[in-house]
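Note that chain A is present in both complexes that follow, paired respectively with chain B and with chain C.
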Partner chain A sequence: MNNFSILFRKEWRENVRNFKILWIPLVFILFGISEPLTYYYLPQILNAVGNVPSDMVFQLPEYTPDQIIMSTIGQYQFIGMLIVAFGFAGIIARERKNGTATMLYVRPISYTGYVFSKLAIMGILIIGSACIGLLANVYYTNVLYGAVDAVAFIGFLGTYSIWLLFAICVVICSSAAFSTGIASVVSILLLVVVQLVDSLLGTYWTISPWKLPMYAGQILNGNLDKTPFFWSLTVTVVVVVLLVVLAVYLAKRNVSKAKI
Partner chain B sequence: MKTLLHVHGLTKEYGKEKALDQVTFSLNKNTATALIGPNGAGKTTALSMLAGLLKQTSGTVVIGADLKGDIRREIGFLPQYPQFYSWLTALEFTEMVAKLSGLDGKNAKSQAERTLDFVGLTDAKNKKTGTFSGGMKQRLGLAQAIVHKPGLLLLDEPVSALDPMGRREIMNLLKELQEHTTILYSTHILNDAEEMTDQLLFLRKGQLVEQGSLREVRDKYANPLFKILFVNTEEAAKFVEMSPWPARQENEVVLIHLEENKPGMNEVLQVLAKSNLQLSKVERASATLEEIFLQVVNKHE
Partner chain C sequence: MDLNSIPWMLILPVLIIQLLLIIVAVIDLYRVKYTNGPKWMWALIIICFSIIGPVIYFIVGRRNE
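Moving on to the complex of A and B:
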């Protein structure tokens, strides 16, 4: 771990200088505030630009604050996951492929520190951006739809962050294992496609990392089914630890694949 | 002389292909060794294995007592095409790798600055490496390889990509380094090898086909000969007929190979003087390293 801070500094500089530190939070904030705003102002928007006959009557559903927040999570679960997968699938694979990593690998670096530097920067960028986005979201929800329970929101945010940590570890592990292209396909499969399968066929089981966002929503509306939630949380944490260990092992084993 | 590193039976197989086959050699402390061979001979494979980037299929690398602790701390490696994080400046990069090699914060920075001065990148040290030209990248590559003062420097084609001026400068830097560093470098530019080498290793198709000091190799393959240049081909042809030694004609030039240092120059001159042929030049030549290289490679064909 002794190289962690040196390597983290490099990751930090990279993401500051390629503006990921700017655009990733912006995307999350944009989707965070667009949900409550568009739902709230939809009638006005339709009236102004929709070219709707004046005698037509819309029966728009009445949303509760937690529905608005969960609809935002729906966006994050798709667009956010695409950003995580495509934006970071090369986090290890790319530097191995273009040969920049060679000059790190010949040095006495610890691969644990190496993987953790990647984990830390992704955690800050993704979890940080999602939290900022959701805070912006809860602000507008609060103003337009009514109060959200603070304790429930913190529980929700924590649970959703654990899901994001899982997503990050999936991406890092596939980037350690495969080339950038394959890593992004594997990440999309595991984060988006499996999520879809889990929501279609998932009534048959209750314990799965892919159900964490759903449980986060339950925390928010106060209908949490505690036992499957805690088991899902435990399973996710165990899988995260396993993925990190596997990523360290694979990063080290694939040193010989670095372009020399 | 102290042995720094001994390599025994180093072999690397990719499936059935043998990239390196039973290579055995030693590196003495503070010497320069040139690894020569045609493209695809296994030079990069050998260097990568010593740098710890590849695992050998079999064979051992025994490190001498002078290299203690984590051996990676004592190795500097320059890849053939060094690639850098384009968003880091030369100084930031060199400082980072110095720290990764175990230098503490303050030391790392001053050592990085000194190394960049040494390789001639003083003016460019705060520029992003993405803007660097090929020559500057090569210099920065050398800087990152030597910034932590390694005992063993592994250089893959350090000067092949440079123009003649850059090549001269880098060779001079390497000669300076060689006084307190053991250097193993690969090259296919034989003039460079001739200039800075205590030991030559000839690789061909993964096998070490010849090794020794420049002198030993020269003595073995130099194949000294006389080159006699006549004014025209007729004169040359006449000489071949009357020559007391086996002679070969190439246009206006007649070549006589020496055997056990015979004939001597004055014998040749006497024969020529008597012959009354029109000639313009007589010279005793020996094979250049390039010719030796071709001989070594072809001998094992």
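Moving on to the complex of A and C:
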């Protein structure tokens, strides 16, 4: 465990120095805030920027609070996942390339501690900023659209955090397996493209990790189908554990690829 | 549309966060030695594209070595 705390301190310092600790939460908060604002002021924005004829009447739908929060999740699922995949694809692969790895690997470190330090720092950065962003979002939704049930929101936040954990593990595992470029492509493929496929063809099955955000939204608006949800949760947790084990194994195996 | 009808209490956080992002990116750009591509190009990108610019700089422009 001592091994872990030292490696974690190294990760923490690195992420403070490259400002990730600052800009990732800011971006998530920004998207969380701007989503309800844009929806709420859409008529005024359209009036101000487009030369709409004055006698034209807009029939904008009335949004409920959970629809606004779900559309924020839609933003996070695309832009957030791009940030996760591109910003962290090098988390293990880059160290092999730039020589940090040689400094680490000559010492008797435990690879479990090594992977877990990566997991911890990514978890704090990404799940933390997504939670802060969603809290800001729910505050704005509350002001502009109306209250959200607190218990449902906590359930929603928990479910979405499990999905983020899955995303983090995918990125760490592909980073342990491949070089930075390939790792970012593989993570994008697994996180964004598979998600699109799942939403297009996904009516044929109900249990998949990529459906967790959708189930999170269902928790929020109160008509959750419990059985597929719990199965998806179980499958996701099992996959997360498998990915962590695989990442430890791959990190150990790819030591020889480190550039000296 | 006059200035008083804008709900500043709601809009202000957005502006502040955008400004913070730009400031952080510019400070970082000033401190690092090398970027991918010329520095003045990244300065333009950071300042001209308000939200996306700093993010693109941090992901693509920064050399993490």
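FYI, the second predicted complex is superposed on the first by the 258 of 260 C-alpha atoms of A that agree within 3 Å, B and C clash if a C-alpha of one lies under 4 Å from a C-alpha of the other, contacts with A are read in each partner's own complex, and residues count from 1 in each chain.
Note that contacts are C-beta pairs under 8 Å (C-beta built on N, C-alpha and C of every residue); 3 or more make two chains touch, one makes a residue touch a chain.
Keep in mind it's a predicted model, so treat the numbers as computed, not measured.
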So in the superposed three-chain picture, is A:N98 touching just chain B, just chain C, both, or none of them (first/second/both/neither)?
both
Is A:R9 in contact with chain B, with chain C, with both, or with neither (first, second, both, neither)?
first
Of the two partner chains, chain B (first) and chain C (second), which one does A:G90 touch, if any: first, second, both, or neither?
second
With both complexes overlaid on chain A, does A:N18 touch chain B (first), chain C (second), both or neither?
both
Touching A:I29, do we find chain B (first), chain C (second), both, or neither?
second
Identify the partner contact of A:Q44: answer first if only chain B is touched, second if only chain C is, both if each is, neither if none is.
second
Have a look at where A:T227 lands relative to chain B and chain C in the superposition and call it first, second, both or neither.
neither
Where on chain A do the contacts from chain B and from chain C line up?
18, 98
Flag every residue of chain B that touches chain A in the complex, lowest number first.
44, 48, 51-55, 70, 72-73, 75, 77, 79-85, 87-88, 92, 96-97, 99-102, 144, 156
In their shared complex, chain C is touched by residues of chain A numbered 18-20, 22-23, 26-27, 29-30, 33-34, 37, 44, 47-48, 83, 86-87, 90, 94, 98, 136, 140, 143-144
Per the contact definition, I'd like the list of chain C residues that touch chain A in the complex.
1, 10-11, 13-14, 17-18, 20-21, 24-25, 28, 51, 54-55, 58-60, 62, 64-65
Note which residues of chain A are touching chain B in the complex, please.
3, 6-7, 9-10, 13-14, 17-18, 95, 98-100, 102-109, 255-256, 258-260
